[in-house]
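Next up, some structures in structure tokens.
Each of the next two complexes has chain A plus one other chain: chain B in the first, chain C in the second.
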Partner chain A sequence: MAGLLRYLVQRLVGLAVSLGLVALVVFLLLRTLPGDPARVIAGVFATEEDVRRIRSQLHLDRPLPVQFGLFALQLLRGDLGVSARTSEPVVREIASRFPATVKLAIASMLLAASVGIPLGVLAATRARSPLDLGISTFVLFGISMPVYWLGILLIFVFAVQLRWLPAAGADRPASLVLPAVTLALLSLALITRMTRSSMLEVLRQDYIRTARAKGLRPLHVLFRHGLQNAFLPVLTVLGLQFGELLGGAVLTETVFSWPGIGRLLVDSILARDYPVVQGIVLVFAALFALVNLLVDLLYGLVDPRVRMA
Partner chain B sequence: MASWTRAYAWRERPERVEAWGRVLHHPTALLGIAILLGWTLAAAGAPLLSPHDPTHQDLEQVLRPPSVEHPLGTDHLGRDILARILHGARLSLFIGVLAVALGGAVGIPLGVLSGYYGGLVDLLVQRAVDVLLAFPTFLLALTLVALLGVGLGNVIVAVGVSAVPRFARLVRSSVLSIREQTYVEAARALGLPDWAVLLRHVLPNALTPVIVQASLGVGLAILVAAGLGFLGLGVQPPTPEWGAMLGEGRQYIFHSPYAATFPGLAIFLTVMAFNLLGDGLRDLLDPRLRGTL
Partner chain C sequence: MNLSRVPIPRFRRSPDAEGVPALVVAVAVAASFPRAQAAPAGLATFRIAIGIDPDTLDPAQTTTTTAANVLDYVVETLVALDQEGRTRPLLAESWTTSTDGRTLTLRLRRNVRFHDGTLLTAQAVKWNLDRVLDPKMRVPIRSPYLAISRVDAVDPYTVRITLKEPASYLVGALTWTTVGIVSPNSVGKFGNTYENIVHPIGTGPYVYGSRVRGERIVLQRWPRYWGRKPFYDTVIVQVVPEATSRESLLLAGQADMIILPPATDLPTLHQNPSVKVLLARADRTIFVAINTQRPPFDRKPVRQALNYAVNKNAIIRSILFGAADPLDAPMAPTLFGYCRIGAYPYDPSRAKRLLGEAGVVAGTEVELMTPTGRYLQDFPAAQAIGGYLREVGLRVSVRTTDWPTYLATITKPLRENQTQLHILGWAPAFLDAHQQMAQFWSTQWPPAGLATSFYRNPRVDELIEAAAREVNPDRRKAMYCEASKLIWEDAPWIFLWVQRFPIVHSARVTNISYLPNEKFYAVYAQPAQ
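So, the complex of A and B:
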């Protein structure tokens, strides 16, 4: 237990260092933008007075290290500044859009895992059969498909032609279906591929043969002896894919006018609302890092061998 | 002594030549190469295949379905979609290859140095890689473009930089094991300077996974660059770029699906070709890597 605690503290410190570096890089990049950052942040229609106010508000009249110190202190207090477009606190802007993105990402992840893992197991047990070839072709299709095109095609078929599902928005439960399917496809394909290759590896092992020779039920061998041992690499992919889902959400949310932080990011970039861009980038990085930490902790649960390694 | 080491390095050559020969007998890789060859010819012969100017607007002929005059129809400004896709192929292949070349040019040396020397170099490089890996690929490219600004050059830099960490990680892990091989020890014992050991013995042996990664990477780079274009944050209009065409065509999907369908198909086919090629190369060059990239 003490070991777990030490490991956790170690990882959290490492995570804090990484996020600190990310914050520093974002801070520096934003300050080295061509032109006067205060003017850029204030926008095209700002008056001289606005620019002066923003300059002192962001401490741009102070030396760079002092600026970063103040910025870091602000961050630690959970203050991400004020949106240049709406003058609302960035934290509030992000918080109001956050649930929609999380809902979309979780729905996609559940879909991808619940279809991808069984599909991968199926392909591995029927290796080199026509079924396996079919699943591999589907995987290739999934990893080559641009999410934004898939979204448009689904809208065309299911919203424009068949009129089964809404094309945009998030006002009805059915609105979630098309965006979730769109966002899930790439992760689904990668999870299928990883499950297949990991299962193929495990099914070759001696203990699988032993289990079968003992006369255990085939399904029991497949899941209890096979999948449980093949799950570790799959878990890694699940974690990484959750991060990639957040990236893909930017495009999916744009296609479906889904009111999440991905679309807020794009709108903010187009409007040159840098405080919001900076805030969302930091939130995404923190979320990605937390998910990966969670995955590493789950390793210990899935596989006792890596516990405390 | 120099000639001896050169002979040693050359000895590996026949195997590699053989591997390239086998590519042509591997159905997956062959299909990928065939599609890419088709795109290359189409890009090179764009003016011959479609007589239309890809930026010429004809407001009398907007959003027309395919016809003899316009085999893939016209977009919302009456421009010929076929001409725009063919000219777009030049751009997409250019961006994809150049971005990966940039990612490799930065990432491979970083990975070699980091893996070979270890210690402080390794620590610094890996911290930098960690910062880049703190973002999902598309988000990293998007953030860089947001900071650098839109346009062809910045898109290539943004997509290239987002490919750096993958190359650096991959090469570092190969170099870590190559470093311990007896032939590296022998080269060092012979008194070869570090750069010669790295260039002649370490790097060539670390390249196999890099070739696979590069092929898959070009596909990913095209996907990411077109995604930026789709959001209006890539190569700017009126340049015919697949992602931007898709982004513009999307608004007219209720009237005419062609303007959004064909550019998407072009992106899909190109990315698929690079994936096929990458998968094929992986099977041929290093079966152990199957499923890991």
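So, the complex of A and C:
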């Protein structure tokens, strides 16, 4: 237990260091982008004086090291600053979009895993059968289909023609269906493929043959002996995919006008809203790292061989 | 589409229940959806889909017409526009300008109440105008009001505005949402501060209800509105950034009105009997700004040649699907001060002759820059323009960047400015030639303003300054007319077109119109009989 604790502390310190580096990189990257935030925010009718005033309100008239110093001090106080575009605290901006993003990410992940894993298992047990071929074709389709196109297609069929589901928005449970399906497709395909190949590997092992020879029920062999051992690589994919889904799905959010964080990020980049972009990138980085930490800890649960000393 | 299949959306249950395959995940998160956002059952709701999430709900801080358009439901201005672009009384019943043009006196409408119950008074108006002028406030569209030196509440219903110098455009400027009147008492409540209003309390026909950022704004009818009361109890403004999705919402019966459908779908929408397309006349001029200070475009005949080289009508027909009208003056016809000047007809041989006479050799390299997605069909139009210019012998490359980069490139001071030709749209917030003339006024050269063709004609400068001070409307108009003729002849732009503002609504609703500054006017929308 003490080992686990030390491991956790090590990882969290590493996390803090990475976040510091992320803060520096995003700060510098933003400032190398062409375009004057003050001019963009002020709009085309603004006077030169107004543009200058906004520039000084945002500290853009100070030298870069001073700007970064101010930003870092703010961060240490746990303050992400104020949006240059909306004059609202960045924390509030992110918090207002975060639930929608989490909701969509969880729904897509559940959908992708609950369909993808069984499909992968099925394909592995029927390897090289017409069924396997069918599933592989579907997977290829899922990986190649542009989200954007799929989204519009789904809207056309299920909202415009059949009128079963809302075309856009996020105001009722049914609104979640189309974006979740659209977003899940890629993850689903990846999970199916990973499950299939990992299962194929495991099913060739001697202990599977032994288990079968012992006369265990085939399903028991498949899931307790097969899937459980094949699950580690799948878990990795799940973790990475979930991290990415949390990072916002800009295209899906745009097509379905889902008020998630990906759209906020793109809008903020296009408006050169430095504080919001910095805030979102930092929050994403932290989340991604945390999800990965969680996945690493789960490895230990799934496979007793994986234990940190 | 079969008309009988289109449901009357407002009285129908929302399509969330029957026939929908029950997804476990959907049910699992169902509890987390804010029920309060849904319209009260049985009451009439009007649903609008717009393209951008308003960056602010503070009238003084508005920068986009879309945000202003939504705010207009809640917050009213002293003076309003009518569909022809003329000023009409709103919160001010009448106004008079002193003979020296230095004082504007407004009489306020009586018994008008803000949504918090307080009375609209001259004091409240003074507070709002002072706030717009307060240097501590961020007011992006402040320049039209800078001529004001002080505002006085003469009595509870009389406001006197004293000017530093005569500014005849000021009454027009009072129609813009920046000077929308909010309740001074609402500061310190509802999350509002003096510097930032987030919950506007105005006098308009609708009360601001709630907002889900990036998703929707809900407005409720104000039962104590001083004017004619609207039909719908609730107006829901949905933020749908993707044009195709907006169109789908409308066709699926889940929105009653949308703005800016995909331009390429306009012909199909025109033929669809279940919707109505309104191509609203507007004020946004689209043009190619020519950097008039760099050779070979520092010579007038070369700039005129470019105007003859481009077939504007063909582009409007086949690329903009009719959603524009060719320019016949350096401003839109909806502006005060417009007079029709003429046309540069499509005449490539004349263009070639002019270029040849000016010594511009075939194969001269020219760069044409354009934003993408900012104006109707901007990038495809730029490619077509490039094609026409190639036909008269120029070697044109068309380049596009994101808007902030674009803006930074074209607003560099002349010394560093490398632009040759770039597409720009200019939409005066209020419909007065004064705002359009900023494009031709040499005081507005970047970085001071956005006169990005670096045009200078001393007589035009003189006329613009004189017209701003002139109190007599007829004399003012004559000055703008003279300036327009000079500008047209000098050709600092390739004069392209005035963009129309497409609004599409369900055939089941009626009474939807527009204001000629890219705003829809649907406050009095109602079901069609």
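What we mean here is this: the second predicted complex is superposed on the first by the 265 of 309 C-alpha atoms of A that agree within 3 Å, B and C clash if a C-alpha of one lies under 4 Å from a C-alpha of the other, contacts with A are read in each partner's own complex, and residues count from 1 in each chain.
Quick note on the criterion: a residue touches a chain if its C-beta (ideal position, glycine included) is under 8 Å from a C-beta of that chain, and two chains touch if they have at least 3 such contacts.
Note that the coordinates shown come from a computational prediction; the quantities given were computed from them, not determined experimentally.
*Asks:* Between chain B (first) and chain C (second), which, if any, makes contact with A:118: first, second, both or neither?
*Replies:* The answer is neither, since A:118 touches no partner chain.
*Asks:* In the overlaid three-chain picture, which partner chain does A:21 touch, first (chain B) or second (chain C), both, or neither?
*Replies:* Touch status of A:21: first partner only.
*Asks:* Please work out whether A:288 is in contact with chain B alone, chain C alone, both, or neither, and reply first, second, both or neither.
*Replies:* In the superposition, A:288 touches chain B alone.
*Asks:* Return first, second, both or neither, reflecting whether A:174 touches chain B, chain C, both chains, or no partner chain.
*Replies:* Only chain C; A:174 stays clear of chain B.
*Asks:* Between chain B and chain C, whom does A:134 touch in the aligned arrangement: first, second, both, or neither?
*Replies:* The answer is neither, since A:134 touches no partner chain.
*Asks:* Is it chain B or chain C that touches the larger share of residues in chain A?
*Replies:* Partner touching more chain A residues in the overlay: C.
*Asks:* Touching A:270, do we find chain B (first), chain C (second), both, or neither?
*Replies:* Both: A:270 reaches chain B and chain C.
*Asks:* Applying the document's definition of touch, where does A:93 land relative to chain B and chain C: first, second, both, or neither?
*Replies:* second
*Asks:* Give one of first, second, both or neither to describe whether A:255 is in contact with chain B, with chain C, with both, or with none.
*Replies:* both
*Asks:* Once the complexes are superposed, what residues of chain A are shared between the chain B interface and the chain C interface?
*Replies:* Comparing the two interfaces on chain A, one with chain B and one with chain C, the shared residues are 33, 152, 155-156, 160, 254-255, 270.
*Asks:* Would you tell me which residues of chain A are touching chain C in their complex?
*Replies:* Listed in rising order, the residues are 33-37, 39-48, 50-51, 53-54, 57, 85-88, 93, 96-97, 99-100, 103, 106-107, 110-111, 114, 152, 155-156, 159-160, 163-177, 180, 254-260, 263-264, 267, 270-272.
*Asks:* Quick one: in the complex, what on chain C touches chain A?
*Replies:* 7, 14-17, 19-20, 23-30, 32-34, 37-38, 49, 53, 55-56, 58, 61, 63, 135, 138-144, 146, 195-196, 198, 212-216, 238-242, 244-246, 248-249, 251-254, 401-405, 407-409, 411, 426, 429, 435, 438, 447-450
*Asks:* Using the touch definition from the top, list the residues of chain B that touch chain A in their complex.
*Replies:* So the residues of chain B in touch with chain A come to 127, 130-131, 134-139, 142-143, 145-147, 219, 223, 226-227, 230-233, 243, 246-247, 250, 253-254, 257, 260-261, 264-265, 267-268, 271-272, 275-276, 279, 290-292.
*Asks:* Over in the complex, which chain A residues touch chain B? Could you list them?
*Replies:* Result: residues 18-19, 21-22, 25-26, 29-30, 33, 140-141, 143-149, 152-153, 155-156, 160, 193-194, 196-198, 243-248, 250-251, 254-255, 265-266, 269-270, 277, 281, 284-285, 288-289 of chain A touch chain B.
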